[in-house]
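What follows is chain A paired twice: with chain B in the first complex and chain C in the second.
Take a look at the complex of A and B:
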């Protein structure tokens, strides 16, 4: 199954036989005080810089999040989405827990966006899915609901199944639903990795939809974070993970995703791998 | 299924719920001219050094190969095995294509060794399996035969099945057979990665035995070799790879294998991961 996202001039296809898609995670003020202060003060230059840096590092899609406590998120998200769309020509993942902000951002975005996100909660489904349909977007369905994070992969699968069905009821085809199996930190729960990987496997086997996850969550608070996250993505890929919201500036992440493209025979004759390593060497020789 | 190897005083267990086992690959003269010249000249100090360095880096098992064209391999392999066994207390993987050398080395080794290797070729099976049985060893069964490398994972599975059956006929239980699905370089064949990963999946699903492979082969001749090999091992782990003959001195390899132990819930509370990263930091602070 393939999911097509689009900016005004460019399409990105997510699917098991396609290069792994990193959705650049860095346009997000959560946990980044200096970034949050500048953008809530009206200076969007850091947003422009993060957009350019991530696309330069190879991210084919960018997440845009404007969640700053106390800020006017509707206005800020709209301005950020407009700026990013003017700066780089890649599809956007519009990331908000506020319906009004999602709605306003989708209204100004001229492409096929990815909406981040809906859960299995009834009221969320009934509010977000019509909005996704109206704007012809794709949507991330988080495999949790009002019960909070579910410890059993089969329960997460059940939530994912419900989201895909509800999306269909609203006229959104399964290829426009990406399931997020919920990566949580192994620092708090030693079974967090096993559970999210097993959820991927179940979702791929039963629903066959594309999978995405906030990969960096898995290593939150851990030393060797970049290495652990990259290893997680390489493993996830074998059980259906086709994209991740992650840091494209992490060399470990780029090597894991580009390397897995080579090892799955998607990057034929390692063309992208070789080009990337040559560019690295050239940059190293210059620097 | 679990495979137990043993040195005189230490057991190592290979299995899907156990920490990934790196079999240190570096005591091998192939392609290493200076190493080959010294040991064929009678100076085994490089063997001792490689044994110490690999065990210090965390390798729980070491491969020992004495294949130097023109050298007396029987004598050399016996001396190398004795020296390594005196130097480090880890089980050994005895690696030779010469029956007499395997036989002589197994005769002097006081532990339960891993024999590297037998193929599906009739004459090989009839010569190697009795030797494995006689010495109470475990054996690596390569998923190829007189036809050479097989392009189809189902054909490789058929060879693996035959080896496991023949081993049983010789009184060697399936837990003492590790199948090698044959990693070959993606530099020569863009499908090499896909085929070996798919072979792993088939062997695990049908035979349920442990899997091992010469992981570094997959990236032979490629730039970014350490990164590509480590990514391959992380991916392989999700489809049944439980051990690899690999370079334990590669930080990428250690991070991928220890990281996957954390992510599969085997390294509970990331105890080994944390200890390793702290030791790295301490060494960095010293150096």
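Take a look at the complex of A and C:
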């Protein structure tokens, strides 16, 4: 199954036989106090910088999040989305827990965006899905609901199934639903990795939809974060992960995803891998 | 005895649960004041582990494992504490991670430290809707309610809970403390919270300060 996202001039396809898609995570004030202070003070330059840096690093899609406690999220998200769309020509993943902010940002975005996100909660499904349909967007469905985090992969699959069905009821095809199997922090729960990987496998086998996840969460509080996150993404790919919200500036992440493209025969004759490494070598020789 | 307390702390640093629980049992059976085991053994070790975490010297799995051992030891000490009439403060605290948020590590840590400091802690868990928090405040009449939120998307829910308390006419009956990684002092002021703390030891200090100005509950 293939999900197509689009900016005004560019299409990005997510699918099991396509290059792995990194959705750049860095336009997000969470846990970044300096970034949050500047943008809530009206200085959006850091947003522009992060957009450029991530696209230069190869991110085909960018996540945009304006969640700052106390800030006017509707206004801020709209301004950030406009600025990012002016700066780079890649599809956007519009990330908010506020309906009004999602609605306003979707209204100003020219393209087929990815909405981040809906859950299996009744009220969320009924509020977010009509919005997704109206704007012709795709949506991330998180495999949890009012019960909180589900420890059993089969329960997470059931929530994913419900989201895909309810999306269909609203006229949104399964191609436009990406399931997020919920990557929890492995440093806090030794079983977190096994549970999320097993959920991916079940979702792929039964629903066949594309999978995405916030990969960096896995490695919170650990040394060797970049390596651990990249290892997780490479393992996830074998059980159905086709995209991840992650840090494209991490070389470990880029190499893990490009390497998996080579190893699965998606990057034919390693063309992208070779081009990337030659460019690195050339840059190294210059520097 | 001081060596035993030292050994208890060392066992926590080494993440040696067996030794830590054995020493806790031994100390209690030897008649050592449970308050001392809690404060000078367990709480002091957790403070030190918190310091090492902030300094980047230990990592999350180690903090989680230590917290687990702390809990096991606390369970050994608690009956003795209650039997001795306890040196409880007579102040009740209700804690919760707000709705939509599944992060409870920080809240659990604060809860454990509050308990050690003598508060009676009622933990409502994670992903707790505002109406359940309001209900708990009505039923338990705590001195303090502590609200944790770890996501920028769930932090606004802290304001939601404060509003729900106002609507229920309970806002003035309880002190509200807020915390969590994205939470700032400014945010706490903006939503009209009574207290904010960036970490567990500070949370205990602020709680003691807030409780100091209030009559004990129940």
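Here is the rule we go by: the second predicted complex is superposed on the first by the 287 of 287 C-alpha atoms of A that agree within 3 Å, B and C clash if a C-alpha of one lies under 4 Å from a C-alpha of the other, contacts with A are read in each partner's own complex, and residues count from 1 in each chain.
Following the convention adopted for this analysis, a residue touches a chain if its C-beta (ideal position, glycine included) is under 8 Å from a C-beta of that chain, and two chains touch if they have at least 3 such contacts.
Bear in mind that the values here come from a model prediction, so they are computed numbers and not experimental data.
Novice: Just chain B (first), just chain C (second), both, or neither: which does A:265 touch?
Specialist: first
Novice: Touching A:222 in the superposition: chain B (first), chain C (second), both, neither?
Specialist: Once the two structures are laid over each other on A, A:222 reaches both partners.
Novice: Regarding the shared-chain residue A:277, is it in contact with chain B (first), chain C (second), both, or neither?
Specialist: first
Novice: Once the structures are superposed on A, label A:191 by its partner contacts, choosing first (chain B), second (chain C), both or neither.
Specialist: It touches chain B, and chain C stays clear.
Novice: Is A:164 in contact with chain B, with chain C, with both, or with neither (first, second, both, neither)?
Specialist: Touch partners of A:164: none, neither chain B nor chain C.
Novice: Answer with first, second, both or neither: which of chain B and chain C does A:246 touch in the superposed model?
Specialist: neither
Novice: Could you say whether A:203 touches chain B, chain C, both of them, or neither, answering first, second, both or neither?
Specialist: Neither partner.
Novice: Please determine whether it is chain B or chain C that touches the greater number of chain A residues.
Specialist: B
Novice: Contact-wise, after the overlay, does A:80 reach chain B, chain C, both or neither (first, second, both, neither)?
Specialist: After superposing on A, A:80 lies clear of both chain B and chain C.
Novice: Which residues of chain A are in contact with chain B in one complex and with chain C in the other?
Specialist: In chain A, positions 187, 190, 222-223 sit in both the chain B and chain C interfaces.
Novice: Can you name the residues of chain B that touch chain A in the complex?
Specialist: Within the complex, chain B contacts chain A at residues 186-187, 190-191, 193-194, 197, 218, 222-224, 227-228, 230-232, 234-235, 237-239, 255-256, 259-260, 262-265, 268-270, 273-274, 277-278, 281.
Novice: Touching chain C in the complex: which residues of chain A?
Specialist: Against chain C, the touching part of chain A is residues 29-31, 65, 67-70, 96-97, 144, 146, 148-149, 184-185, 187-190, 220-223.
Novice: Could you list, by residue number, the parts of chain C that touch chain A in their complex?
Specialist: Touching chain A: residues 59-61, 63-64, 100, 102, 105, 126-127, 151-156, 181-184, 186-187, 190-191 of chain C.
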